[in-house]
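In structure tokens below, several structures.
Look for chain A in each of the two complexes below; its partner is chain B in the first and chain C in the second.
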Partner chain A sequence: MTLWGYEARRTGWAAVLGPPLAVALGAAAALAHPEPSDTTIARILLGGLEMAVPLAAAVVCSSLIGRDPARELQLAAPTPYRVTLLRRMAVVVGWAAVVATLTAAALIVTGWWARWPQSHGALAGQLTWLAPTVGLSGLGFAAGAVLRSPAAAGAIVTTVWAVQQFFAGAVQQHLPGRLLYLFATTRGATPGDWTANRLTLLGVGAVLIAFALVLLGRRPERLISEEDE
Partner chain B sequence: MTAFGASLRYEFRMQVRKRSVWIVPALTLVLFVLIGGSLLRDLFDPGERPLDPRTAVAGLAVQLHALLSIGFGCLLADRLVRDDRLGVAPVLDATPASPAARLSGKYLGAAAATAVPIAVAYFGFAAAYAIDTGRPVAMAWATAAFGVVIVPGLLLVAAFALAVPMIMPAPLFRVLFVGYWLWGNLVPPETMPTLSRTLFHPLGGYPLDALFDFHGIDGEDTWAGPIAGATWNVLRPAPTPALAWLSIALLLTVSAAALAGGHALRVRRIR
Partner chain C sequence: MRDLLPEYAAGSLPEADRERVRAHLGGCPRCRADLASWQAMAAPPAPQSPDPAARPHPAAPPDPAALVRAVLTRGALTPEPPGPPRRLRHLAALMAAEARLIRMAVPIASALVMALGVGLVLAQATVGADLVLALVAPIVAAAGVAGAYRSGRDPAAEVVAATPTSGRLLLLVRIALVFGYDLVLAVAASAALAATGAAGTAGLNTLVAAWLGPMVLLSSVSLLVAVRFGPDSALGAAVGLWAVRVLIGGVFVRDGWMARFVVEVWTTNASVLTAGAALTAAAFVVAGREPHGAGRATHRM
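And now, the complex of A and B:
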């Protein structure tokens, strides 16, 4: 427990503040709509869960690798460093999950959840935030493992997220794009693809995390030097 | 050599040699080309592309600026706080070189280096378009668009990327920055109160409209001026060239203010 508490502190303030701030900004956007209708407000509230929470969690996951000041010590410890990093990632995603579940519960109880026609049931509907969070966080963690630079890995996560926002239509014109689309609940083109899309994102996230762990395990000494700066 | 010149040169060379400064924009462009439903494909399709080279390169500027600025801001977010983290800041502070000159040099040097791949991509595509259409004037328009549309926006992003991580963790800045970039640039103003398409528009709505006569690739978009049903229309006066220059001056003033704020904060901390 002490260890988990320590890892939670090592993840930093961004991990703690990110998800609640994301939910708050989503709610503010919903309230600020000039011509509110129940459907659009519900859509923006769900959008906060599907868009903002995954972004906040994923950018923090992309910053996990390369911030410890004494990586030599971490690499010499009996616990492999990659296990430590995975534990920190679990803390980040776990906290985002707590915030998202509480928000989802609040939306379900107040009835806003059901007012967006493309929302799903209380249980399966949790994939609204879970799938993009795991998919994008996996991408961030893997990018961090490959590039060993929080700046570069964070840039890749935010760019992928933004591209899917800017070109929502173009991304979903073909099946691979639809399966990998992060915002299938609130901006999805084909509601029939939803379950496949969610499972694909979870699978891709898991594969990317596994890839990062393999990479970190193969040449851990690379972690001592930071990226070429 | 002055402290400003030396830190500019050093920061530029350090940043331009970083792998990630090249990898991130390259991956962004790969993603952009893969999606395919964008202007890039149309630019090289004789049936689809805009007839006016000015519209074509302005449209290209908008798309690349909107997309590549995100990586630009994220990559610059660790530059200032990094000196403290690595422990070089106190050493530099002990030298006679003025902190303000060092900060300005760092700002312009790191921003210029991170903008090099963006310039390469933009002028590369513009040159390909100029050759493909046999209209060399496109290069002149591209140079103008880079100077008045892309550069002021990038200077604003760089100033905040250097200053804001002084008061919050860099990852949190990256999250808030991409959220702001979407909200303040691309959200349609009729859907929520936004700074998008106002005088304070890093994507350069006023210069695009008033100096390039740009109304979207199809000529149907409003990039500046009041929008029916939108809030905050008081910030969207009818576009004129004078307002376009005012809009650029506003971006540069806010950049300078952000940088000055970051500087004041550092000076207070080291006292």
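And now, the complex of A and C:
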């Protein structure tokens, strides 16, 4: 527990505050809607889980690499640095999962969950937030490993997220786009593709995380050697 | 003060500095001793003897006192070289040095993101060019500004802390570089979209007005948070505010007082630009309160 507590402190305040603020944003948007209806409110609340929580977690994951003041010490420790980074990513995604699960439970208990027609059951429905969180966080982690710049990796994550928001129709015109679409529950064009979409996002997230770990394991000294260039 | 003694001995010091040195010498025996050494070196050479045997050998080394005197006199009398004033040259050197400290990934990723936005507008006419630029340009600039702030983890942090140049000036130079680069990128993207007609009837001015205010405001918030809480929090804050604009002002809530307020803030007007300038000024005030990285130091000095 000491180790995990230390890793939680190293992830910073953005990791702690991000997911609750994301849920609060969804709730505020629902309350502020000028023409509230059950379907609309339910869609916005689920959208907070499917859109805002993954973005909050992914931005923090994109800044895990390249911000550690004890980087040189970590590279000299017996534990590989990529294992430490993976542990921190687990803390970030885990905390987002706790917040999202509690929110989903509250929505299920209050009945708002079922009021969105495209929602799924209590168990499978958790893929609503889990799949985009893993997929987008994996992208942020991989971008951080490639670019070693939190600013650049964060910009890429937010751009992918925004493109899927504003070009939802174009992205979902073809099957590959539909499978990789992050917001299939609240803005999905083809409800029949939902399960395949969620599993694809989970798989892509896992592949990107594995790619980042391989990259970090091959030449970990790049994390410090190119800082001075 | 001791650095002024050679010029004082050579008589090339301006009057104000000469008075200052003279006042100091009255109470400092060590500087008086140093001055005596400098005066001995700077004294004019003794007149040559008419006896050839007494003259120095032609191959003998030159007289050090004469050399020092010549160099000091030349330095004092030589006018400023032609070209820009010294302050401008110093600023240019600072910008060149700071540019080398910015990771290449930042400008490359910024350019790629902006190019992606332009490409999507060209490929799809469903979303207006002004809206895409109003959302892409601010987050690119804010992310860059968040990453540009020098923290204790900066590889050059210790050098910066030891340099006589003000930390605020260095921060200003680096922010100007990052923000200026993103500004040029956004203007180029607007010009490209206006030239190709992808922006419809919107001209270059309309496109620039769509992103300039939000870019200034979000970047200033990012800078203030970075200076106070660090780059990670700044990136998180910038993305959070940006996501509010995307979700409340567009995707989810298109009408209502909250949507109107968010959209109003995300435009270019005098209030937004003033708020951006005030936040930037506040960031520089906060940045000057403590040396770089002191907040993260193990032992405070």
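Simple rule for what comes next: the second predicted complex is superposed on the first by the 224 of 229 C-alpha atoms of A that agree within 3 Å, B and C clash if a C-alpha of one lies under 4 Å from a C-alpha of the other, contacts with A are read in each partner's own complex, and residues count from 1 in each chain.
Definition applied: contacts are C-beta pairs under 8 Å (C-beta built on N, C-alpha and C of every residue); 3 or more make two chains touch, one makes a residue touch a chain.
Predicted model, so just to flag it, every value in this text is computed and none were measured.
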item: Partners on chain A (chain B, chain C) - clash or fit; value: clash
item: Contacts of A:78 with chain B and chain C, given as first, second, both or neither; value: neither
item: Which superposed partner A:173 touches (first chain B, second chain C, both, neither); value: first
item: Touched partner set for A:151, first chain B, second chain C, both or neither; value: both
item: Contacts of A:117 with chain B and chain C, given as first, second, both or neither; value: neither
item: Partner chain in contact with A:47 - chain B first, chain C second, else both or neither; value: second
item: Listed stretches 25-33, 43-51 or 133-141 of chain C, narrowed to the one that overlaps chain B; value: 133-141
item: Chain A positions touched by chain B in one structure and by chain C in the second; value: 12-14, 17-18, 21-22, 25, 29, 32-35, 52, 55-56, 59-60, 63, 147, 149-152, 154-156, 158-159, 162-163, 165-167, 169-170, 227-229
item: Residue numbers on chain A that touch chain B, as the complex places them; value: 12-15, 17-18, 21-22, 25, 29, 32-35, 52, 55-56, 59-60, 62-63, 147, 149-152, 154-156, 158-163, 165-167, 169-171, 173, 177, 227-229
item: Partner chain C, residues of chain A touching it in the complex; value: 12-14, 17-18, 21-22, 25-26, 28-29, 32-35, 43-44, 47, 51-52, 55-56, 59-60, 63, 67-69, 147-156, 158-159, 162-163, 165-167, 169-170, 227-229
item: Complex interface listing, chain C residues touching chain A; value: 103-106, 108-110, 112-113, 116-117, 120, 123-124, 126-127, 131-132, 135-136, 139-140, 143-144, 146-148, 152-153, 155, 229-233, 235-236, 239-240, 242-244, 246-248, 250-253, 255-259, 296
item: Residues on chain B engaged by chain A in the complex (per definition of touch); value: 14, 17-20, 23-24, 27-28, 31-32, 35-38, 66-67, 70-71, 74-78, 82, 168-172, 174-179, 181-183, 186, 190-193, 229-231
